[in-house]
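Each chain carries a letter (A, B, C and D) given by its place in the written order, and its residues are counted from 1.
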């Protein structure tokens, strides 16, 4: 019997992977992908939870998350493109003007 | 009512001269100042006569309330008894003479309103001091006379030295005043009153009921008050201000630093004699300090050249006698010497002032000599003054000083040393006073040509008071003639003060010798020692200084070179104080300001601020900038939150 | 009359604030001057009304006013007068017109703002003196900092920004801790009685555990110690004084510092009697250190104003030790010392105020305050010399001036409480003379050498006008202290004898006039 | 499980009308923007104003006596929601009006921007009115995503682009954290409705997943509230965004999240405070310290205000911590009072900055306002009042707010937090004073483009109103306002799951 904990651990692992990606990848696109990974980990939890609880709220949430993630990706990519078009880079190291 | 006028006139004079008539001519100031005093004297005399006519019983004159806080009460009450009545006359009487004289002395000054204002104020304060019925009113006068002394010493403030001398006088007096204050605190703490009349009642009537704690406290009270007396009456080790105070105009020296203010300590001790009697240990200290001061100052006076300095040290020395008198329990003797001293020392100072005016404000005796020819009156009165102070038989000093020395000798074995010191001091006194007289009035005139041309006797305004004082100096001694001498009335003064001086029954045994009978031969012997010592040293001084600084004087000076140097440098006391008190204090103050305040305290305060800035700068620099670092900080935050929650 | 008597405190407090607004709205500086002077005189007259109608027979709170302010938190607008604040109110309203007179001649562009700020400051000071509700008090206490901050910061000397920032932050830190302590006390009172209130009269007697009391007392005492300022929290003061304009220094030394000692007496001591008894030795020790330390550092100063500033540290040390002179094994305070402390506050206001004015006079003429630049001024400015000497004598506590009465009573009471402390503090009397006479000597005496000093003009009639009242008062307070002490005696004895369970009764029952029309229920609890 | 399709009554439409009006306005603005003729500044301006005023009117008018949940808790109508919505709409309206007076007017009043703007507001309205984690999430994201875009797009420059990207990446990251927390809560408790979650949590106290879920949710909420150590986006975003948006971020976003946090912690999870209180105390403390300390060294005004807003979030968090115990609605009322005060003051400060800025200088430095009192005395005065208020000096609202917060905290024995708050406030005074020092005690300096804004009646009215409101709330109004706050927050205290026995503190 695969208990819910297994899903949770897997999801946590995925979430951590995503987190590490955000923390350590210098390429903005990869950072965006990592965030997507984190969201998907969340989705996994919701889906498995929904399944476990026999309750569709989790599924509904997942739909919303997917939608919102798409929006986010849209805005994010637009920003990255704007950055690339203007400065020719998508490296996060470029983003160091604001500090202090 | 008359009584209040005594206080009112000097105050009015001070007010008018000081604040209203600032544009008035010197003559107006003089007349106003002197008139205020003369009026005060007249009223004092009337009051005194009324008082004595009524039997001379002490009476308390109630005034308004002054301070009234908690259980502490200090009303403006005044005490009129034989002691304060006598002081009243001395102050206003001698004060009037000096005020009159001062007009002549100060005639070259352009605006003397300040001078007379201060002098009048001084008299007012002095009257408060002697009339106050409680320690606190006395303390007003006590500090008030200090203030006036400060202002008058620094009268010629444009010379920084004078200003410094005034300040020194004030500060040294303040040291004593702290002692006085502590005395007041202790008195209030243990007796719940500071009124003289109440204290006296309490001690004398309920003397037996005093508990041990109170008796012990009396020791401390008297000691503390004596510190105050040391300050005001220029005793060791607080005498240093008095010689410097000679920077003031000479009438000031005469009035304040010889006749009146400096005697405040003796007056206070006499006023509280019932307390001092209860503290034999303190009395021992008092007597010792008095005797040591008398000799110490006298030795310094031996070698001074400044005429006023000699008189100043002489004053310190004479005050030592008075204190010695108090210390051995002979308060009436002390006060009697105060009285005679007021006369002859005022005379000597005013005479010296007369000389100084004639010499165009030169005070060095090395430039004088032979003034007898030019100033016969001054010479004559000075001669009387000198004879009085050295104790020439028949003049006032003879009676008063010998009485003190006699009481010291009979005070018991423990007081023989004090007697010895006093007698030695008397020998010195004769020497330096005769030396002063010789150097000033005899021999050849040593001043420069210009001064010599203008040498002449001073005006009547100045020599008039001198004559009066000379008569007093010669005569007042007969008020207290010892039993052994053939005279119609003996010990008038002592009997007069009898009601004031009261030995508490508790310690009557200890002081029994004050009333004991002694063989006449002993008294003759003691007197003989003094007279012989006086005569020998006077003759010695005459022979040494018959014509200026003769060979003998010079050779003695070179033989005792180091001794002479120590004496002329006044035992280096000022230097000692400077090196061991003033300079360290200054260093500490500098350290407190420059190091503690600026570096340590402000350093911490500003350091905290700067540390915040530094941490802020570092943290905002380290944390921000990179996207990843932001994320990292967030993860660290989550980890911290988890650890807070789980552990 | 009825109305006036029941609102006199509000009138006294808020007339200056209204004046401040009117000053801002005045079309011209000349009008603004008269408006401000008028307002300050009205406030003074109002305080005279208090003085004359004050019942000196009772320790109770008089002229009380109470309105609801934030009733749901039990916070009220409570004002009252008793012997502890009466004299300070008088001092404040008395000094303000004099200060306005001293700045009469200034006519730069910002002067209107100055007058306005100054009147606001007066409102703040009066408000914190009469407030009997902790939060209400705190509002004035802190709000007062703002005008003072600007007065130093805008009209100050070269280093003014540092000084004024230091001043405000220092005070603010202490005050905030006190605010926290106030709230804790408020909560404690609620736990004991079930009523939320910040009414000081109700809070007296709130018992707290010993350890809690310690902390609360420490917080209150810190706030007040900074304001006083007590050693070692004093370093803001010399800076603030040195940089502040003359008028600012006068009001700072004259009144603002007194609020610290007033706060100790009004709040810290009666609210936390147990802690007071425990902390008294510490406070006395710091006070005595302050006396000696302030005097010694003052002695070393080369700047006349800084010297007077440090002298304040020394003088207020006296007031502090007088306030906490515990006697009878901690059962009571020494009434003598407390009287002295209350009295000395006023004296210090008068004498130090006068000293700052006088330093201002020569600064106006020479634009320097360095002692070395002066000497022999007495010759060209004899009246100035008279005034300076009178102020000096009052400052060194010469008998016959007010300073003596205060210092003497403080020392006496302290001595009764602790002979060692009293004796050590008495050294301050000597050291006080040391530096003050040095000041006099360096300014007034000695040869008149500096060419610039030879042409100095003596006091002008305007300067006379504001110095003479101070000089006269200094003497009157020394000779007729009972004139003042009679008014304050019952209150002081009440505090001194009953500080262990202190209560003040409001003479007129405090009736709650609904300020906001709110009903009286506690809510949210 | 309830699969009944809820009936959508007229009442529902009425209560949701603010949201609907804004959505409609957003659509209109977007469509109008397409047309060249209709996309003019004036048209868009009117659309914005009309929809905001309409929504405001609707929000005020919708007066639910009792809290009512629609769509199985997805939309919650009640006094607290209305409070939040009115506050947000009012501020948005004022910001919109202010944009009219700035150099950005020609950029702001364009179809797509206005549409985004209205969407952001819509998201906020939804968030404050939701009890369901789904709507809550959608509302949050709607407002956030819109803001990301606006920050980068309204006035593009290297700085604003960088700021937008940082804000976006970190925001999405935080959203993921928040979602992860929600997911864990969901898995543990089986529900996405706060009321149900709160009922289930007490039974699961020992369950580590719940704690994990709460911590992650807290992290997400802290991020939105800019609580340290989740605050680092704020300075960058505040500094790089056009000032009008900064004002919006500092006020409305904060209001939204505070109300959300009040619902979440003070309401639903109050009875199980063990699982979140230590963590929230931790972030509150860190925020007060770090925010204030880091603000000390800033030279850009907006950046300084960003750090200061972090500290203020910390103060508000104190009150939320205080609501953990059986303390009734007082702490929530206190935090709402503080929030209103902070909103007024921030609005005042930012509106002055907005007015002063120009094309060449849209990020004022401390030096730039040197001598402002001489050149623009009233602006300087307004800013000074704001600074004193931020610092919590009486007689401003800042003091009363701080008093209420400290009060509620000390009633609940959070002495340590209050002490940190006191220390933080003391530090903060320094940097607020620096602004005043610059304005009043320094001489004007020569700038490439002088700050010479056109006098604007509107700006004057706004600044005047904030100053007056500020002083009024600090002096005469606290009682009335506090009463209102208490009424408003009763809903939270009365929410199921919060302490039932919430009469009074007894120890």
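To be clear about the criterion, contacts are C-beta pairs under 8 Å (C-beta built on N, C-alpha and C of every residue); 3 or more make two chains touch, one makes a residue touch a chain.
These numbers come from a predicted model, not from an experiment.
Remark: the per-chain Cα centre closest to the mean position of all protein Cα atoms belongs to C.
Here the spacing of chain A and chain D, counted between their Cα centres, is 25 Å. As a whole-number value, the distance joining the C-alpha centres of chain B and chain C reads 39 Å. Chain B and chain D, compared by their mean Cα positions, are separated by 79 Å.
Mean C-alpha positions place chain A and chain B at a centre distance of 96 Å. Residues of chain C in contact with two or more other chains: 169. Counting partners per residue, chain B has 609, 620, 624, 627, 631 as the residues that reach two or more other chains.
Of all residues in chain A, those touching 2 or more other chains are 19, 22, 31, 95, 98-100, listed in ascending order.
Pairwise chain contacts present here: A-B, A-D, B-C, B-D, C-D [touch as defined].
The touching residues of chain D, counted against chain B in their complex, run 165-166, 169-170, 173-174, 177, 208, 211-212, 215-216, 218-219, 222-223, 228-230, 232-233, 235-236, 275-276, 278-279, 281-283, 286, 290, 293-298, 307, 427, 430.
Every residue of chain B that touches chain D in the complex is listed here, in rising order: 609, 612-613, 615-617, 619-620, 623-624, 627, 629-631, 633-634, 636-638, 640-642, 644-646. Across the complex, chain A meets chain D through its residues 4, 8, 11, 15, 18-19, 22, 28, 31-32, 35, 38-39, 41-42, 45-46, 48-49, 52-58, 60-61, 64-65, 68, 71-72, 75-76, 78-80, 82-83, 86-87, 94-95, 97-100. Residues 68-73, 135, 138-140, 142-143, 145-146, 149-150, 153-154, 160-161, 165, 168-169, 172-173, 176-177, 179-180, 183-184, 186-187, 190-191, 515-516, 518, 523-525 of chain C are the ones that touch chain D when the two sit in their complex.
Note for the complex: chain D touches chain C at residues 328-330, 333, 388, 391-395, 399-400, 403-404, 406-407, 410-411, 415, 418-419, 422, 425-426, 429-430, 433, 436-437, 440-441, 476, 478-480, 482-483, 486, 503-505, 507.
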